[in-house]
Amino acid sequence: MDGIRHLIGVSDITTSWWNSLFSLCREIIAHPQDYSDANRGKVMASLFFEPSTRTKFSFQAAMLRLGGSVFGFENANDTSASKGESLADTIRMTSAYSDVVVMRSPSEGAARAASLYSEVPLVNAGDGGHQHPTQTLTDLATLAVTRGEIRDLTVGLCGDLRYGRTVHSLVEALAKFPNIRFVLTAPPELAMPDYVTRFMRARNLTFTEVPTLDDALPQLDVLYMTRVQRERVIQSATQSTMEYSDDFILTRDKLARAKRDLTILHPLPRVNEIAPEVDLDPRAKYFDQARYGMYIRMALLLKLCAQPRTAPEPVAVGGAKCANPACITRREPYLPDLRNDDGGCGYCDVN
Amino acid sequence: MDGIRHLIGVSDITTSWWNSLFSLCREIIAHPQDYSDANRGKVMASLFFEPSTRTKFSFQAAMLRLGGSVFGFENANDTSASKGESLADTIRMTSAYSDVVVMRSPSEGAARAASLYSEVPLVNAGDGGHQHPTQTLTDLATLAVTRGEIRDLTVGLCGDLRYGRTVHSLVEALAKFPNIRFVLTAPPELAMPDYVTRFMRARNLTFTEVPTLDDALPQLDVLYMTRVQRERVIQSATQSTMEYSDDFILTRDKLARAKRDLTILHPLPRVNEIAPEVDLDPRAKYFDQARYGMYIRMALLLKLCAQPRTAPEPVAVGGAKCANPACITRREPYLPDLRNDDGGCGYCDVN
Amino acid sequence: MDGIRHLIGVSDITTSWWNSLFSLCREIIAHPQDYSDANRGKVMASLFFEPSTRTKFSFQAAMLRLGGSVFGFENANDTSASKGESLADTIRMTSAYSDVVVMRSPSEGAARAASLYSEVPLVNAGDGGHQHPTQTLTDLATLAVTRGEIRDLTVGLCGDLRYGRTVHSLVEALAKFPNIRFVLTAPPELAMPDYVTRFMRARNLTFTEVPTLDDALPQLDVLYMTRVQRERVIQSATQSTMEYSDDFILTRDKLARAKRDLTILHPLPRVNEIAPEVDLDPRAKYFDQARYGMYIRMALLLKLCAQPRTAPEPVAVGGAKCANPACITRREPYLPDLRNDDGGCGYCDVN
């Protein structure tokens, strides 16, 4: 990760890093015993301001299997945040005790904000609807390990493309690989947002939108299914969307029309968008995906924990403004003003 | 456990395994240092869908003292179950990350259900009112270590025999040992249920029912006290049962009439059924029982973690039906139909 | 800690122990690698009946960096206390599984009570408004490491001196060091309580009270800032106290009048009593203080875990009486009567 200090979003990762991580991941899969003491004496802080089982478990198991140890919290009510402590002070204190900080927050931009105050590398384990880079690491690692090189693929994205954070990140990451074409399938209210389609056009990525999964399947090398995330769509979805139309559900019958070497992925947890009968199909890789997620996190933690402890660069006090009500700057008024090249908020990316 | 893969109920354990576990337990007690790295590199997943301090601590301490490590959750609100994830998917994911899964759930039959989807050994740390086999391991280990062989004993069971899951399991387990006789003492509303008395008759186990603890004490070699479990008796107990009648409370005075080498056990936590003054009596073994519980779990985890990771046998999707509203099949509709020899539900054992 | 078994309050620590702990602390800071396996095979139980991030993290990180492991709970709802289990039984069970117990409780005197039933050393991580000795360890360790010897200092205490438990302990501990003079600054409703000023007079400690921080600053070698603890002042503070008057807020401007080698401490978390701009001043040591807190706890845990497991002395059952409604004796009726030399409650110290 030579150069990366904090993993905030997928765009932090260059193509050479992707390959370096995949390479190390394959080695760990092949010889796990050689890595079982690699992070011995190192401590990972696990700060989950909102619940997550999968991400939390995969990070904890990864650190433990490297011979390291873990402390942290699982929900914000158990923390001094409930006593009014700022995120900055929580991070300063936590990074004083640990060698790497893994953080999940419901506030967008929280990971960027936290990284400004940390003495050790910080990993974004999900910041609201904004980014979840280690899910994308997991998705790509699964492709790299099961299919070899990531290139010349037709990738189907199906389900909640509007709020599906993992889908947006996947597109952003796959843009760095050669000859990737996308096929999008979603209920109209959950179609891919403009900022992603603009991104794809700007990068000359080919994509088509088709109305149902049946229409998409025959052409796909990879199918990435997503669930409708209730906790993010409360205001906007109609009842018919919440009960997922059959057009977007994957069943064994539909797979009859799919390629023999199709790779089926899902970030999990799933609700009903993949029928249980599909689990037995050898093309279903979403459970293996969980295991690869642990291995790729081992590769990441190994690289990050090798970095030295360094006092962060001092930053200005206050000045951040953002129109997004979910942005971390709304809750932490001392944050400095940070802007992206396009003038968007440097924390949550909203313009 | 040569043959056992998952520990779901006490009937899973044969007499030769009991003896093998006791033997290993005694060795660990004698030479704990020899085992302090035995599970190094191994990871235990601790999935507690309902709170428990004792069972959770004893498993965690056991794994840590074998040099292993632990991750997990303590209550269901912190989990993706609250996002609609199935138990099967939670188990698939968790077993991908761990070498053994220890699970407590309020749903009866949950452990059996979970075991169908796990790649690693699974231990039932309590599934509602159904089974709690490691409590029975603890109870018998305490007898084996403090009294030697388990045979030729008059065992008193006192308190809540109706809802006392640990009592039912203890009877089931002791049935495998020679010449065990039972003396039952309980308020009438909390008497031993029919299915247990039928079991005892079918196994030719002698038992008598006496109205008070005073009547039982002089004849006992072992006294097993239980508390009235408020959280399981809300609908049925009268106010007079909830305030435990003196007839069922153990005091120092009553012990004057007991055998000198009586062994007093209690699964704990206790409320008021054993007066604190009894704690100083050398016959009180219920605190030692906690410590033996850690050692017998060390023996169990050592054996289970030595087993290889294996993909579970595929099972059918759906078909389970059960009349018990607390049965796991009511919550997880994809579970396959499993039946016991007597036609009862293969998950919760209810007919 | 040769002689100390349990760390309940700062008065348990003699001057020679202070120096012994500081000495070990400096060694650990200088050569952390030499200690990374010192507590290998040892297990710390972390019983937090009320939430705390900082204290919990500092203890966990300390134990992990000594090569030990940790289990425990973070809030009382996840425990068998919610099933009616006594504190004594919880401690008996927990100490059976661990080598040291670290406990935080909202009840005053809880640590003393717990220590009566523990087979292993017990550390008070805070018992309501009563004591928080490891915070004082942290405060003094910071002074010892950054300033050398603790002597000939003018120490300013500013903020909530009435409910600020850490302030009371700091005074009590500093009384053991030569030539320490105090300057007190607080809103009138939050002035230092009588029992502390009486203590200072009884020990011939010089102290003056000044109305604002500006008045105090020029004379100080050490400034100890505290926050208004909302969760302890609900009934008594007026709205004007809750919004902290400028007189008690530390800003960069005010520091212009302070000594060049002033040491600024704060137990954290802070809310608004130290302006963020102060963080960049080299005299601000409150973030370093967090890190020293981890090191001094490593020293403490190292010493305590070297002690043998010992059955506690039997104690009487019942008899404790105390007028303090927050005293642990109100919740745990079996506790024996314990009195201080001055007749005060032996648990919470209230007369």
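Read from first to last, the chains carry the letters A, B and C; within each, the first residue is number 1.
Convention: a contact is a pair of C-beta atoms (placed from the backbone, for glycine too) under 8 Å apart; a residue touches a chain by one contact, two chains touch by 3 or more.
Keep in mind the model is a prediction, meaning the values are calculated, not measured.
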item: Turning angle required so that chain A lies on chain B, C-alpha fit (0 to 180°, nearest 5); value: 120
item: Proportion of interface numbers common to chain A and chain C (over half same, under half different); value: different
item: Gap in Å, rounded to a whole number, between the CA centres of chain C and chain A; value: 40
item: Per-residue multi-chain contacts in chain A, two or more chains; value: 69, 74
item: Footprint of chain B on chain A - complex, ascending; value: 33, 36, 51-54, 56-58, 60-61, 64-65, 67, 69-70, 74-75, 230-231, 268-271, 276-277, 280, 287, 290-291, 294
item: Complex contacts: residues of chain C adjacent to chain B; value: 41, 43, 45, 69, 71-74, 77-86, 88-90, 92-94, 96-98, 314, 317-318, 334
